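What follows is a pair of complexes built around chain A, which joins chain B in one and chain C in the other.
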Partner chain A sequence: MSHERWTVTFIVSRRKGEQPPHFQSFQLEVDPDEYVLDGVERIWAFHDRSLVFRHACHHSTCGACGMLVNGVEKLTCITPIRSVTSNGGKVKVEPLRNFPVISDLSVDMSTFYTRMEETCAPQVVPVRGSALPYEKGLFEQADPAYERLADCIECGCCISACPVAVTTPEYQGPAVLAAAQQAFSLTGHAGLLEKMDGADGVWRCHSGFECTAVCPSNVDPAWRIMDLRRKVIGRRIKRLFGLAK
Partner chain B sequence: MAFSKPHIIVIGAGFTGCALAYDLARRGMDVTVIERGEIASGTSGRTHGLLHSGGRYCVSDQESAVECIQENIILRKIARQCIEFNGGLFVALTEEDAAYAPRFAEGAAACGIEIEQISPQEALRLEPNLNPKVLTVFTVPDGSFDPLRLALAFAASGRYFGAQFHPYHEAQVLVFDGQRRVKGVRVLNRTDGSTREVHGDLVVNATGAWAGKVLAGSGAQVNVTPTPGVMVAYDRRLINRPINRLTPPSDGDIIIPQRRMMVIGTTSYEAEDVDYIPVEDEQVQQMYSDAVALVPGVAGCRMRGAYMSARPLVGKGQSGRSLARTFKCFDHLEADGIDGLVTITGGKATTCRVMAEKTADLVCKKLGLSIACETHAYALRSYRDYYTPNGGRP
Partner chain C sequence: MENQPSPKKFLYWFDPRHRQPGTWAFILNRITALGLTFYLVLHLVVLSNLTKGAEGYDTFLEFARQPVVKFGELLVIAAGLIHGLNGLRVVLTTFGIGVTIQRQVFWMLMALAAIGTAAFAYVMFFVA
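So, the complex of A and B:
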């Protein structure tokens, strides 16, 4: 927060019912250290009560506020306006891609959450081992009894950025494969590998890491997908030699 | 005679509305929930996320403290899926804080909160990033939860029992039957701009800090002053359990771990309009100093977010008697001579289940039914089922 004041134009994607979507501009006086979500909420509060958007926690723990900001997936509650525009500049806000739009900036999460649920990935995980293996030493000293909420906040940013999800709605998608990887690491449940070892699972991914680039929560879904592939292949080999159950 | 299901309309889907929808649906009623935004888009989404042990209130408000610890134990059973439970600490940083310790220990014992005094050395072994100058330390059974997912878990469980949720639907006005009886609500579907009336046997106003606004012009009244508090999130997790300052409730008295973050809060002031309350720089600075006092390493963290939410402070001149002291529950027949309308507001996230239980009891009483509450005894459905097309039902 600062005492600086900027004038910024928010260009907001609007969509109501069956009407065709369009953009609407709102000029706002902002503190550049405020977050994009604050701007969106102010448009609703003071300019247009019909604006529909999803939000809850305002501090990056719930995953409700993912949107496209100037064309890039952002968790709007922790994206300072300063980081996406300049004084006199524009902030274009659109709903996430690859999800059905409910209205304006709000999207339908049902297919995504159903797939997440099918992986049985827990939201609460042991602190130790909850970071990525390459994040050396992070949380490793923690008491094995300690637990924490997992990294994936199910915001859908990765699915919006995924070039495969655009063309193939059947594709499980990065967050879901990452969840399967984490659930498998915790439970060793082989059924997960079988489920993800298919055309709509790990093999559809093009390994471009676009998902990882936009993930606001340190999940690194692309790394987890590559890891899941190794695990899937490991299981196939074991099977070949009659070692797997 | 066949039992025709009563239809209850709940306005607001924060913790209170979601827990109430679940309780009523579980008792066999038809429930329709009208929420202006997404689930938990009001105060509930923006809480700290502290699963209170009751320690914070065990001196100043023992009734609240007892309610907190009882519900803490229940939520740990039924909502395990979205709670980090590593316990918590109360720490004294000054002689003045330390002087509060005996009263704290007595209060906790009186309220049935399991605490244990541990040495500063032991505290630093448990939490190496704690201020090394701690003088007196107690462990408490605190936890932290994900606010949206806790609300979703109640809502998913409500859906499982048939409750219907309508997010992005705003209650515009109460509809009367020509007498002084509410028969429904006129609702605006914000996704397409259409309006319609929804009729039911009873309307429950569970709109928290908006409770007064929703009733405007209806003849029923609740005088609510929004009292917001600011919270600040930092980008590293330097602690594994909530760290409370060992003082009577005050500003900036707690820092909570959540995922990879820490959240410090909070403040308390009065605001005019509840729909948009800006986060002031001064308060963010104050939170920063308070956080550094508890966990000096915060100085090396980056701020990840700053936000606020508003408690509903119910006015002193309020007519009608609240049915509970720890939260406000009004039967508007008693308060304003208006039938078919109940308002529930106040309380805490931690106690939302019991608030719902008492409100559902009142609803049953008004409808002449006696059906027991069961929500304490069963685990909630997976929060993800809220979004699944059939609500997780086979």
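So, the complex of A and C:
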């Protein structure tokens, strides 16, 4: 933390019940090295107790505080105010896109969580082999008995950023496809490929790579979707020659 | 609810704000696809002039020599190059080729499209 003080205007999306959404401005004096979530919490604490938003861990583990900050999906607990505005500037905070708004900045992610569960992706994975293939050497020497939490924190940023998800409610979405890829890599369960091999699965992606750009947790959903496609194509070819069921 | 996905929101596909080169490629592919489809219809309409005999077609060819029509044809060439090369990028990434360098691949292919368009422009306006 620095001793620098900035005056920043937070422009917050407000929506209650069936009322039309609108923006409300709050002028805050902040330390620029504070995070956007700190600002939102300060608005709630000192300006308006009716502001609704989700947060929990404050260190990018729970994935609850994903929001749109100046038009870009951010995990607000690890987004320094300095990185999104300047002294005297504005910070526009909106709920994630492509999820129904419950109130203000809080969205309903229940459909997304259900889809994630359906992939049966493990929450804990062996450390060895948990890195992406292009991260050469990472965790290669790890003890095979060691495990770690899976990278995806289910923040929903990737689904909010996806230009395809905006028009297709049935689309599984980047996080779900990435979870299926990881689950298949660990279990080899062919049913996962069957489930994702469809118009609302791997083939709906149009290679925008926005998911990877906004992912705060190094999941690289776009890479995993492409890998899943290769696996789906491989399975189709095997089936063509009667080598797979 | 307005924050939920809906097919009616297709105009968002064309919004490049706060987006990455991957989405710009996505937008370019849609615009060029619409342009090429429009051109295909126009092309068939023009070809129908053949049914009016040689005179009807010659009249059209005379019209087609105007610079503004040539510029339109250049746009078709540019659209074809952008769409085709972008499509190549999508095919490559689908097979797991160049996924981690897809941005660089995009810029490289768009540079190729620009060079190709410039070459065609030179031939159309200064040689032919």
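Please note the rule applied: the second predicted complex is superposed on the first by the 244 of 245 C-alpha atoms of A that agree within 3 Å, B and C clash if a C-alpha of one lies under 4 Å from a C-alpha of the other, contacts with A are read in each partner's own complex, and residues count from 1 in each chain.
Simple rule for what comes next: contacts are C-beta pairs under 8 Å (C-beta built on N, C-alpha and C of every residue); 3 or more make two chains touch, one makes a residue touch a chain.
Small disclaimer: the values here were computed from a predicted structure and weren't measured.
A.B. asks: Putting chain B and chain C onto chain A via the overlay, clash or fit?
C.D. replies: fit
A.B. asks: Could you figure out whether chain B or chain C reaches more residues of chain A?
C.D. replies: So, of the two partners, B touches more residues of chain A.
A.B. asks: Touching A:Glu41 in the superposition: chain B (first), chain C (second), both, neither?
C.D. replies: first
A.B. asks: A:Ser2 in the overlay: touching chain B, chain C, both, or neither? Say first, second, both or neither.
C.D. replies: So A:Ser2 only meets chain B here.
A.B. asks: When the two structures are overlaid on chain A, which partner does A:Thr76 contact: first (chain B), second (chain C), both, or neither?
C.D. replies: The answer is neither, since A:Thr76 touches no partner chain.
A.B. asks: Which angle, in steps of 10°, is spanned at chain A by chain B and chain C when each chain is reduced to its C-alpha centre?
C.D. replies: It works out to roughly 180 degrees.
A.B. asks: Considering only touches as defined above, state whether A:Tyr171 meets chain B (first), chain C (second), both or neither.
C.D. replies: Once the two structures are laid over each other on A, A:Tyr171 reaches chain C alone.
A.B. asks: In the superposed arrangement, does A:Asp227 touch chain B (first), chain C (second), both or neither?
C.D. replies: second
A.B. asks: After superposing the two complexes on chain A, what is the shortest C-alpha distance between chain B and chain C, in Å?
C.D. replies: When the complexes share the chain A frame, the smallest chain B-chain C C-alpha distance is 15 Å.
A.B. asks: Residue by residue on chain A, keep only those touching chain B in one complex and chain C in the other, then list them.
C.D. replies: Comparing the two interfaces on chain A, one with chain B and one with chain C, no residues are shared.
A.B. asks: For chain C, which residues are in contact with chain A within the complex?
C.D. replies: Where chain C meets chain A, its residues are 1-10, 12-13, 17-23, 25-26, 29, 89-90, 93-96, 99-100, 102-103.
A.B. asks: Would you pull the chain A residues touching chain C in the complex into a rising list?
C.D. replies: Going by the criterion above, the answer is residues 21, 70-72, 95, 97-101, 107, 134, 163, 165-169, 171, 206-210, 213, 222-223, 226-227, 229-230, 233.
A.B. asks: What residues on chain A touch chain B, complex-wise?
C.D. replies: Residues in contact with chain B: 1-3, 16-18, 34-35, 38, 41-42, 45-46, 50, 52-64, 77-78, 102-103, 106, 109-110, 112-114, 116-117, 122-124, 127, 139, 142-143, 145-151, 153, 217-218.
A.B. asks: So in the complex, which bits of chain B are touching chain A?
C.D. replies: Those residues of chain B that touch chain A are 37-41, 44-46, 49, 80-86, 144, 146-149, 151, 168, 190-194, 231, 233, 237, 240, 257-261, 263, 275-276, 278-281, 284, 304-307, 382-389.
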